[in-house]
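Shared chain: chain A. Partners: chain B in the first complex, chain C in the second.
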Partner chain A sequence: MSAASTTLPSVSLAARARWPWAAYGLLTPSAIFLLAFTYWPVLLVVLNSLTVTGFHGVAHWGLDNFGRLFADDHFGAAVRNNIVYAIGTIAPSLVLALGFALGLKDTTRFSSALRTAIALPMLIPLVAAASLFVFIFLPSAGLLDYYLGRFGLSETNWLGDPSLALGSIIAITIWKNTGYYMLFFLAGLAGIPQDLLDAAKIDGARPWQRFRHITLPLLGPTISFVLIVALLNVLTQVDHVIVMTQGGPSDSTSMLLFYIYQQAHQNYDVGLASAATVMSVGVLFALSVLSLRSLERGIHHEV
Partner chain B sequence: MRILQVATMAFGLMTGAAHAATELDLFFPVPVQGKLATEMQRLIEEFDKTHPDIHVTAVYTGSYDDTNLKTRAAIQAGKPPGAVIMSANFVREYAINEDAIPLDSIIAKSGETPAQFMEKFWPALRINAIEQGHVYGVPFQNSTPLMYYSVDAFKEVGLDPDHPPATWQEWADALRKLAKHDGDKTTRWGVMFPGTYDYLGWIVSGLAMANGGQYYNTGYGGEVYYNTPTTIGAVKLIDTMIHQWHVMPEGVTDANAVTTAFFQGRTAMMVLSTGSLSFVRENMKTPYKVAFLPRQFVNAAPIGGASLIIPRGNSPERQAAAWTLINWLTSPEIAGGWSRFTGYFAPRIAAYDLPEMKTYIAEHPDAKVALDQLAYARGWFSTYNVVGVRKALEDGVQAVLSGKATPEAAMAKAQAEADALMKPYVEQTALKLPH
Partner chain C sequence: MAAALLWVIPFAWMVVASLRPGDAGAADIASLLPAGPLGTGNFAEAWTSGHFPLWYGNTFVLCGGILAVQCVTVSLAGYAFARMRFPGRDWLFYAFLLQLMLVPPILIVPNLTTLVALHLYDTLAGVAAPYCASAFGVFLMRQTFRTIPAAYEEAALVDGASRLQIIWHVLLPLARPGLTAFAIVSVTSHWNEFLWPLMATSSPSTQVLTVGLASFTAGAEAGSEWGVIAAGTFFVAAPLLIAFVAFQRQFVSSFTFSGIK
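Entry: the complex of A and B
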């Protein structure tokens, strides 16, 4: 017993001495991957954004790429479209998702069937969904126009009209993401203590008041989290644009990531693509910091 | 030295037989509708069977643009494919950037001069295969835009299906007869064609050439003629069809929508690649015919399709194996078979001397029209930064298709954008003076 009590501190001292090396050893594998596949590419992108090259010309350092970027109408169009897309997809899909979650939070056979139905689109890969919607949106022959035609509406070129194409892309995104966000809200709602709601009920709070003053504040962290996910989706989902419109007609559905893809792979303008990447990652980073801050605030509120 | 080379070659050949076969990958796109990928796999299996010393893996790489992208990525990663079926208008850019190898020396080994070698292919195809006097591409599958039309629709409005419109004037008259309107709704359009990227630029270039234009400089990759009367006139024709005569739907229509509308009788004509001939033949239930792209002044149609190239970075051994594959794929027998399967015409002139090809042409008058149009074919639009330069025009024309811009304004803007995209190349070439 005494032997054990005397050896124990010495073991822990020895362990403490070896500790940093063991820790570093254990961290090395993931550090290698992080360095090779995250930090190194990030560094390369930043370097590329500052490297100005011409055809068979000598490269030099400078901010020309950023100058060209801001002067490029296509970049302006991509930013504008991305903002419209962000507002157009995030607001409706979050409101719908929350609505569905509130309506379907009690588990009955009917509500679980509906939940499955609403969550189903998230299981379909975006590329596959986009390929299907190309046919649904076919002017006149597609499902959508076929049924609208029965109400006497004439054919609509959903993806080929610059004033409608972005709206069509937004509609698919809402359809695709709402179910996914609903799942988060369902989980968030399950975490709200029932006794709080019951107490409010006894105190005479009406359903709207209970939602406004209990459910919504307690859902704060969930909302912030879903908002971050939705913001990331807005900047990182591009599959449907590539499949359905290629950014057209006339740039009306071009978005930041698609613009970067075009510059890098169609025009081989690595400098411009890198500059656009730096800009969009910067915005993404700023938005994430803001959202995470409000997320933390939400948690404090709960406590 | 020479003896040493021969000795090593002989040694290489001897040990080569004992060694494993040369591994080669072939990147191939499928740019038109149909079961082309399956047929390509079958062809490559046949090649592997008949060539035990080479083992080829056929890699399906998507559209022409995707194939270009994947090839560039593979070259940059240091693992280039042995051969690529590359959109013929990208070949120039590969030559300019030195991403493909000139084939002159390999051709010389088989005892031919590059000129002799190219003589085996239709003249119009040579423009996109040769850059600055050197052979970079071997034509494999080729096409031109064709006008497809429904015989029933023609008969219904009293047009003679045996005399399709040949000039823009006749086209305009026919279109206005063929389109059927029911109040606000159009129950049948006069004509449709794809307005999506790649296809649109190709068709506009055809109309500009039929309007007497050059569209681009075939000899130099830094000049395009967008803001010129011939191109503006072509875009004006399309604008008028949509917004004045209402014989073509507004906005951008993709190839699927065009063929679906044609099959369902919702458009009387469509302009589509000859590469879609087999697809249309299999799916069109009512009689149809094909005709040349109508002319304003001259019959003209741009070449489309793909050539085989060997990317840089391949070992001499792989280059030789790739050359064997390329020769096999472009032989009259294989090229003819591929032509009959797809509807593309065979680039090899000799393919049409084969009995099975003669029977095929006799049985399929539509394939005959495609072949006849070859006499008027021109080179396919190719420049430095070709995708971006093409897209500049297409963005402009799409704005016209949607009624958001006038042809004049759209082409002025397209020209400025295209010039900006080609500027780095132009500055280092045509504008560069000797020291």
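Entry: the complex of A and C
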């Protein structure tokens, strides 16, 4: 339902006449905070990214920050890693979440216990998950190597090897987020009329056919909603990178937001940090324009 | 099923390792099977070597403060969007929704500048400030208010009640399910937040649980005190895990009701 198609309740005309100003008054508290911490920072970051400070401290306008950004190999690595991370986390999380939801949708004591188990990681801070996984990935003494060692596999430096570190970060993210996505698929599945599936069964449709031609199309809005949430997570969550790898080894786990954090927090390079922020704001803005419809549908498909 | 069991292994290790006495020998610290006597030594050690009372206090104040302000801002705005007609309403609504995507973690760099200018850097109020308006909350309250019949308000209007009185005395009591759902999602996300509190504070006295845990873990890692780390992680994660297991239905319906923080 779009905002435009709202039907207003009938209230006396006299009361409605003085409402416009009252309405703006009610919006003011929210608007003040949104102005200060959402709209103004977007404007500020665009201005900062276009401000170049010369040798004598004289500032002028220019695209130098973006030039430096695109020339920076660390930025290139961060963007590439972020794309690999996006594909590597979103595809498996969504498939697993849907699989878990299909397997656990009928409520028995056993299935609801498993549902709880899979949902638990979404409730702990990413930093806490990172603390646990630092040990799990510990070479030789850690949980993973301890048990793999029993199968005769030698020790592996999961976080220290540039070719494995991003994969380890991806594994944590899948573990952490799959349960959250599963909840949406469970809600989506509950909304599919059972008689539709029964009718198809009577008509001789096999399980795969029923899934392919009934369940999947009806889950469409849920899938696109979860996809948007997952994309948002990919761009806004780097806590585990900060705690576990600091983007290393040799930039192999750096990501866009981590790069921004690094430039701002460690190198104090506001121009570069702002230019990188403009890039991610641009991506998110494009994503929100594209997805406003399905977001709105998705948020309250449950209501 | 096997995959589902794989999911609980990190938690199982957390519990077993935190209960294992420190002198049990490092070789078997990875074992998931508790062997020998169990003890709470690691918890005592973690509690005294970290500043957990302070971190808990800060986190409570932060989550509570954010929620209190949010309840006011989202109820008022949600009511305006649900019940009132005014020029530019649809555009304003979309402008509000933009915050669903342009979340504060993305805007850490410019928001830090603002905090410093407002003299809010390194204060809990500064950490809370970007979250005081919530697009998600406005959306949720708008949906909730719409499910309440207008007849209640009309009756109150006829009796001469002001709009704020109507919202406070008539609508909010009826909107409790929506507010509860919002509170659960809000507290969960701010309890778990790390990057922004890390950036917006510098002194130990303003650290929240997540920031404290990160520095605590870094210290204990150097000494390979894995049992102590497991105990510290347990302190940070336990309140929400326990709340989730106790009020599971309420949590699940809140999250699916919502989806966006």
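Basically, the second predicted complex is superposed on the first by the 267 of 303 C-alpha atoms of A that agree within 3 Å, B and C clash if a C-alpha of one lies under 4 Å from a C-alpha of the other, contacts with A are read in each partner's own complex, and residues count from 1 in each chain.
We take it that contacts are C-beta pairs under 8 Å (C-beta built on N, C-alpha and C of every residue); 3 or more make two chains touch, one makes a residue touch a chain.
Everything quoted here is computed from the prediction, not taken from an experiment.
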Chain B versus chain C as contact partner of A:Val84, first or second or both or neither: neither
Touching partner for A:Phe135 - first (chain B), second (chain C), both, neither: both
Chain B versus chain C as contact partner of A:Leu159, first or second or both or neither: first
Most chain A residues touched (candidates chain B, chain C): C
First (chain B), second (chain C), both or neither touched by A:Ala205: neither
Which superposed partner A:Leu148 touches (first chain B, second chain C, both, neither): neither
Partner chain in contact with A:Val52 - chain B first, chain C second, else both or neither: neither
Partner chain(s) touched by A:Val270 [first = chain B, second = chain C, both, neither]: second
Touched partner set for A:Leu102, first chain B, second chain C, both or neither: neither
Contacts of A:Ile192 with chain B and chain C, given as first, second, both or neither: neither
Shared chain A contacts, counted only where both chain B and chain C touch the same residue: 134-135, 141, 265
Chain B residues touching chain A - in the complex, by the definition given at the top: 65, 69, 72, 184-186, 195-197, 249-254, 256-257, 260-261, 264, 266, 384-385, 387-388, 391, 394-396, 398-399, 401-402, 404, 421, 424-425, 427-429
Residue ranges of chain A touching chain C (in the complex, touch as defined): 2-4, 8-12, 15-16, 19-20, 22-24, 26-27, 29-34, 36-42, 44-45, 48, 96, 100, 103-104, 114, 116-121, 123-129, 131-136, 141-143, 145-147, 175, 178-180, 183-184, 186-187, 225, 229, 232, 235-239, 242-243, 257, 260-261, 264-265, 270, 273-274, 277, 280-281, 284-285, 287-288, 292, 295-296, 298-300, 302-303
Partner chain A, residues of chain C touching it in the complex: 1, 3-5, 7-11, 13-14, 17, 26-27, 29-32, 72-74, 76-77, 79-81, 83-87, 89-90, 92-114, 129-130, 132-133, 135-136, 138-139, 143, 149-150, 153-154, 157, 163, 188, 191-195, 198-199, 209-210, 213-214, 217-218, 221, 226, 229-230, 232-233, 236-237, 240-241, 244-245, 248, 252-253, 255-260
Of all residues in chain A, those that touch chain B in their complex: 54-57, 134-135, 138-141, 154-155, 157, 159-163, 246, 248-251, 262, 265-268
